[in-house]
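One chain, chain A, appears in both complexes that follow, with chain B as partner in the first and chain C in the second.
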Partner chain A sequence: MPGDSPDSDLSPEEAQLLRLADDEFVLAERYTEWQIYAPTVESDLALANIAQDEFGHARLWYDLIQEEFGYEESELVWERAPDDFRHSTLVELETPEGDWADTVVRGYLYDVAERLRLDALADSSYEPIADRVPKVQGEESYHREHAQSWLDRLTGSGESHDRVQAAVNRLFPYALTLFSDTEHEAEILDAGVRTRPLSDLRSDWLDEVVSYLESLDIAVPHPADTERPDAVGRDGTHTADWDALHEEFTATYHELGFDEPATLRGENA
Partner chain B sequence: MIWEVFRQEKTGDRHTHCGNVHAPDREMALMFAQIQHGRRMQTHSLWVAPKDEIAEVDADEAEFGGTTDKAYRWAMTYNNIDASFAEEVAESEAEQEEAAQKRGDV
Partner chain C sequence: MSAPTGDACAHTDYEDGEVPEGFPNTGAGATGAEAEVWAALAEVEDPEMPVSIVDLGLIYDVRVDGDHATVEMTLTYTGCPAKDMLTNDVRCAALTASGVRDADVEIQYSPPWSVEMVTEAGREQLREFGLSV
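Let's turn to the complex of A and B:
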């Protein structure tokens, strides 16, 4: 159980599912921060739609973890300690105020990785995962189209091009953590939960992302020359941005006192 | 730039005007239209057209038809007659009904 025991107790299926669910959930949280602030009504709706999809995917994977491994939703989301979350630090970073380019770049870097990962889970030996992949894949293609449509237009010239470049410089090292492996990687592959190793996904991702961004005249740092962030996410290390976000999205839960429900004539009534 | 959006529910249906979206170009307009006009309703196809490209003539400028009362053309007197006394009428009605069902009108 997250929080109660070290990661080594997780089955390869659980370990894979937690990465999946946490990535989608936390990215969706960041997307929703644009609500009513996006550049136009249309872009606001489009991003809200994408956030809703990602929440839906997180729900799909969290439900599966609950059904198959006996957790409660509260344990997985509202009461889990911040350092028990396993998402990549890419998705938790705070958006620089009003920086639409940052959100678009993050979405793009994530969505390409997401497609590769889903492809590698489509033939998972673990049927409950394989069964759910097609639904998620269907929605993800709109996300990539959305990100790329924006990137094509923002990289034309001037300030927006510079902002995209700055966002790539800032986010690229964190994006590499999407592919950071953990102690479970060998088991995940041996059990056939995922059919391709993270290192393969990473090299496919680099090929695609680098050639696309360079075609837009955006320079991409070379991975070998990129300093790795201290916080990787996959191993429970996170940035300060995450602590703040975690506190924010659990605030209402704690305010309402769901962890200590009032009982009729009880002390908290 | 404003793009008018037309939605077709299923193949063969007419595209019906359903609203508009603001977008800088055709591709983005299609992308936004998918969310705003295709996400919650059954949709087979969407068209977008620049608002400026749509020409209009309205009732202030033109004499449109359909304003005179032509109720006299409708033979309402015979509507409530039980036609069962005439076999050929009943047969004909049955045929029409069957044809309508085949066409999918009913």
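Let's turn to the complex of A and C:
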């Protein structure tokens, strides 16, 4: 990334928090799209609940960024330009029409990475992060259980197995961007904000997801043979799916004129 | 299932049902304006259960400095949809104490709240409400 990027002003704490908060927020946005469309009432409720958890975590991290670094929620969420978001492109991809396997696979790939990341933040030198991690960890484990219980069922046979395989093939290159580093990686580690490098988390993640998916008779592409997507998210490059989603979730904010100063009735009449 | 383990996280072992020392804080021993704030907070109920937020163990600390009150509290759940309503109720309750003109509410997640932080009185009310605690 060029040295004159707007990101060079970010402290390592802010840089770590932004990628964390943005991942949770954008994934939650995608989960909510299943509301009323999920295959069963039970799974609709489960996804609603997982989305609520992820929104809660996004709020917790955005609140912290506001308290510690002097931002307003409007700047962080509603008025931030799409290419200033730092989430991985995995979480922004549009779900292929009605493809439940895609959501389950994405949830699984993300949630394993999420656990590894939180573990590496639990002993952060930055106390406001370390303080909040246990609460978030306690609300994450059933997300993995949910994804795995669906994967176990879907990979049983036939079309659902093929759909899981197709989703893994499609999502795997994007999942690798979860671990893409930025110009801040060295500072984040030097300052002890995160206690393990992204490359270590990536290797643990690969060990876990590859062996689990293979146990379900799902082939996982080899990372070395995997072409990287052009858009990795962490550096502000995003897919066209993100532009559409960003426009959608900020639409109400703009429609209500929250970005315009309030005027009194009769003013400028 | 990976609950925070000693290795992964040295900050808490709430999954084992242990309550960190000093919790729940119920304001016993508070005096003056701080005692008044605690009494006012005891009247605030959780939006989902007819139990005082003090008995639920949600209030971590109350400080009154001059005419300014600061209430440190937690939420049972990070995704609590009633966060704004609850913090507003808490702020308004703190403002009823004599001499308090201004109040702030700070949300904390450490230590993470667990059902173990509910007081004995709170447990009794939860049982009456039909929850098994």
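What we mean here is this: the second predicted complex is superposed on the first by the 259 of 269 C-alpha atoms of A that agree within 3 Å, B and C clash if a C-alpha of one lies under 4 Å from a C-alpha of the other, contacts with A are read in each partner's own complex, and residues count from 1 in each chain.
One rule holds for everything that comes next: a contact is a pair of C-beta atoms (placed from the backbone, for glycine too) under 8 Å apart; a residue touches a chain by one contact, two chains touch by 3 or more.
Worth saying up front: this structure is predicted, and the values here are computed from it rather than measured.
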{"item": "More chain A residues in contact - chain B or chain C", "value": "C"}
{"item": "First, second, both or neither for A:Val41, with chain B first and chain C second", "value": "first"}
{"item": "Partner chain in contact with A:Arg115 - chain B first, chain C second, else both or neither", "value": "second"}
{"item": "Partner chain(s) touched by A:Asp131 [first = chain B, second = chain C, both, neither]", "value": "second"}
{"item": "Chain B versus chain C as contact partner of A:Arg153, first or second or both or neither", "value": "first"}
{"item": "Contacts of A:Glu145 with chain B and chain C, given as first, second, both or neither", "value": "both"}
{"item": "First, second, both or neither for A:Asp123, with chain B first and chain C second", "value": "second"}
{"item": "Partner chain(s) touched by A:Gly56 [first = chain B, second = chain C, both, neither]", "value": "second"}
{"item": "Touching partner for A:Phe69 - first (chain B), second (chain C), both, neither", "value": "neither"}
{"item": "Overlap of the chain B and chain C footprints on chain A, listed as residue numbers", "value": "145"}
{"item": "Residue ranges of chain C in contact with chain A within the complex", "value": "1-4, 8-12, 14-15, 77-81, 83, 107-113"}
{"item": "Contact set on chain A toward chain B in their complex", "value": "40-43, 45-46, 49, 142, 145-146, 149, 153"}
{"item": "Interfacial residue positions of chain B with respect to chain A in the complex", "value": "21-24, 27-28, 31-32, 34-36, 39"}
{"item": "Chain C-touching residues of chain A, taken from the complex the two chains share", "value": "52-53, 55-57, 59-60, 63, 115, 119, 122-123, 130-139, 141, 145"}
